[in-house]
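Okay, so chain A shows up in both of these, paired with chain B first and chain C after.
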Partner chain A sequence: MTTEATTTATGTPGAEHDEGTVLRQIATMLRELPDAGLDDAEITRETLFHDDLELESIDLVALAGSLREHYGERVNVALFIADLELDEIIALTVGQLVDYVAESLRAAERG
Partner chain B sequence: MSRFLLVVPPLVGHINPLAGVATELTRRGHQVAWCGHSERLRDLVGEGAEVYECAMPDGGDLVRPPGLTGPAAFRFLWEEFFLPLAGAMAPGVEAAVRSFAPDAVLTDQHALAGSLVSERLGVPYLTSASTSAELIDPLAELPKVAAWLTGRLTELRARVGDPRATADPRFSPYGILAFTSRELLGEGELPWERVHLVGPVIADRPEDPEFPWEELDPDRDLVFVSLGTANTDAGLRFLRETAKALALLGDRVQGVFADPGGLLTEAPPGTLVRPHVPQLDLLSRAKAVVSHSGHNTVCETLWHGLPLVLAPIRDDQPIVARQVVEAGAGVRVRFGRVDAARLAEALRTVLDDTGGHRSRAAEIGRSLRATGGQRAAADHLEQLTARHPAPFAAH
Partner chain C sequence: MAKIRTGDITTHVQRLPAGAAGGTAPEGEAPVVVFVHGLLTDSLASYYFTLGPAFSAAGVDVVMYDLRGHGRTDRPRTGYQLEAFVEDLAYLLDGLEEERPVHLVGNSFGGTVAAAFAAWHPERAASVTMIESEPPVAAWTGHMAEGLAHARRELVRDEAIDWIAEQHGAHTARLSRGAGRILASTTLAEDIPSGRVIDDDLSAIRCPLLAVFGDESGLSAQVPELEAKLPDCRTVVLPRQGHSVLVEQPTRTRDLVLDWVRAHHVPGRRAAAVAGAAR
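Coming up: the complex of A and B.
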């Protein structure tokens, strides 16, 4: 597992916009996806959405909904997904989404 | 009397609905010819059919690694199957059009050579949609993926179609026959114009005359299990878990497995495992169905008023499964993760009607049986030839 928080110039470990916190949050949302059967799944930054979690694009849309509910306007995951090429979607990792969410939160904090 | 050329990919689920339409057209006195994989066509539509052979890449078999799912399966399906198929089929489609001189073409939306050659030769054509999934613009949230596909289709059109044409070759500007219904699509506006929702085609097809009907137990509920015909090598783990689930429910259910790949070697006592099954006859006796969520099986199941346990594998199946769940007629499980206990629980839910799935399926069945199916499809084809008379001067 590579869940250790990385400290950045604008972040402190344990803060909401910290990558480790975001990873834990996203992992929880994934485990709670209805009927996904991910209750006991190991979820790390390297976990692949498709090959490892067997999620489909409609699951990503559901996840985007959960993230919107949790973080509000600060994080627009639909925009992130819409910007992906087919090859990027195939190889999408949980870590990439975590980084996007964390960066969006920091950007919102900076104003 | 009109002449109709039916163009299909070498996939059972795409050929079967058109076989019912062909029977109806012939019954009305029209002349029908097929264009595609001749051996597969003769197996599915009968020895007597008039068939124009098309070349097929790799013998026309869609073989994908079992674990290939999601967007990787999507890329494979287009890059390694539908697009090369169109290039290979185009000369055969052109020869068939010139020789048979049809008044109109009906082409499956994934047999792209059918629409592209028709547009180039100026023959009116309808495309047929054998799934509800393409009708809702599944790539709407993924514009770069949609652009990738559009780019591939434009390249293909430059080679085999009319480069000046602009319509998406999956959706004919003359109209689309969709073998599905509002029950699955929901009430939202469809992104394509001229879509005729004719409902499922439920027609007799040559099946298993040797099926051992006497082995069915009238005191137990019949559960039919099928992963379709295009995923024969992907399902062993799932079939085993399903067999275990049926064993858990053995005092009240009897399972019949369609297992064309011959994967399932151990099954609970009394379970029937057959490479081919008389699916429609079985559905008329079944109480529930476990399915990979292929559109044809789903529609046939709902037509019979039965609830489903859905385990979509790839392609359009997750979307079809979501549509059934949203319609209230099924429970979804994860093909790659679900275990026997969870499957047994899902089966109990739909059999006992605790979530209302069986009642809802019965309602949907009534509305599907009221759609026109192959008769409505034939009506639309007749209207097409009436509006666009004889593209070829003489027959």
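Coming up: the complex of A and C.
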């Protein structure tokens, strides 16, 4: 899993753990969620899962599954969510999830 | 997304093995907890984002699933009697090859399903936790018939949804609209009150039972009766708390149920269950 791009400096544009790359990846996962109707949705860091995308909590379960499929053990979404209160989950932005995923990937790289 | 064939439908299930959400996996056989969610506005997400990860981190094998008609499990038009929900769970445990007796934890209607499962599959139930639930007795079907008929009348009306949005916010209004869709497209409202029940003496429930209530919901009035009828029963009534115990007091609920499961965990029950079945 080690490549030139991922062993160089943190935040390298285009690297897997770069926030922009993670955002594009998560946006793709969201658009591909079954039954969520987000095929053409505009998704930015500020987008709210609940109010903007109108995702039901069961859609977030599916998203957590997509993240696990893509990133494997390196990103533990269950752990991230376990630390949030219900109202924090409702107010969750795409950017918050992006930052968590990017930081997890960097931490996994550091070993 | 894991889907498992359970009789005539496909059921959405999520598992979190012990230690998967941080913490450490226990030595020896871990207890297994099956979380059963409530009716209409609910799905396995209520546990996936609350108790599920906490239990996994505490060394429990966690099973969460969507009841028929809910979440990402199939929604047939008919077939919502209590025994259908119970058989789905039996099929699910078969499909997961789960041989350990399970600790069932149910919220509201989920607690009724849990108690019914323990009554009708006693060899597979290690304990039952009911959070703001009634056991599946005749009086329960009466309460459900009333509540469901009212919900089916109201939740299809836009004015009712608008009122809910004003009183309880957009989130609750959206959940209510989803509930209205289930009621309008299925026979659930008639089926649930017409299903199988257990005798009023509760003698069918033979495993230990924990019942948690909020003192403001009205359901806590069952406490003396539960304690009198069940030989191994613990009741907890939370002060200044309504029906939404799980949502409003997740930490308290987690601690109560974890302590309960640990106290009733008998490692090696898998072997004992097999030997028991052979007798």
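The criterion applied here is as follows: the second predicted complex is superposed on the first by the 102 of 111 C-alpha atoms of A that agree within 3 Å, B and C clash if a C-alpha of one lies under 4 Å from a C-alpha of the other, contacts with A are read in each partner's own complex, and residues count from 1 in each chain.
By our rule, contacts are C-beta pairs under 8 Å (C-beta built on N, C-alpha and C of every residue); 3 or more make two chains touch, one makes a residue touch a chain.
Model, not experiment: these values are computed from the prediction.
When both complexes are overlaid on chain A, chain B and chain C end up clashing with each other.
When the two complexes are overlaid on their common chain A, residue A:Leu79 makes contact with chain C while staying clear of chain B. Of the two partner chains placed by superposition, only chain B is touched by A:Leu55; chain C is not. Contacts of A:Gly65 after superposition: chain C is touched, whereas chain B is not reached.
In the superposition on chain A, contact of A:Gln96 is made with neither chain B nor chain C. By the document's definition of touching, neither partner reaches A:Gln25: not chain B, not chain C.
By the touch criterion defined above, A:Ala36 lies against chain B but remains apart from chain C after alignment on the C-alpha atoms of chain A. Within the superposed arrangement, the part of chain B that overlaps chain C, taken from 111-119, 237-245 or 345-353, is 111-119. Shared contact residues of chain A, touching chain B in one structure and chain C in the other: 35, 50-51, 54, 56-58, 61, 78, 81-82, 84-86, 89-90. Listed in rising order, the residues of chain B touching chain A in the complex are 67, 69-72, 74-75, 138, 141-145, 148, 318-319, 322, 332-338, 342. Of all residues in chain A, those touching chain B in their complex are 35-38, 50-51, 54-58, 61, 78, 81-87, 89-90. Note for the complex: chain A touches chain C at residues 34-35, 50-51, 54, 56-58, 60-62, 64-65, 76, 78-79, 81-82, 84-86, 89-90. Put simply, chain C touches chain A in their complex at residues 1, 14, 16, 20-22, 43-46, 48-50, 52-54, 56-57, 66, 71-72, 170-171, 174, 178, 247, 250.
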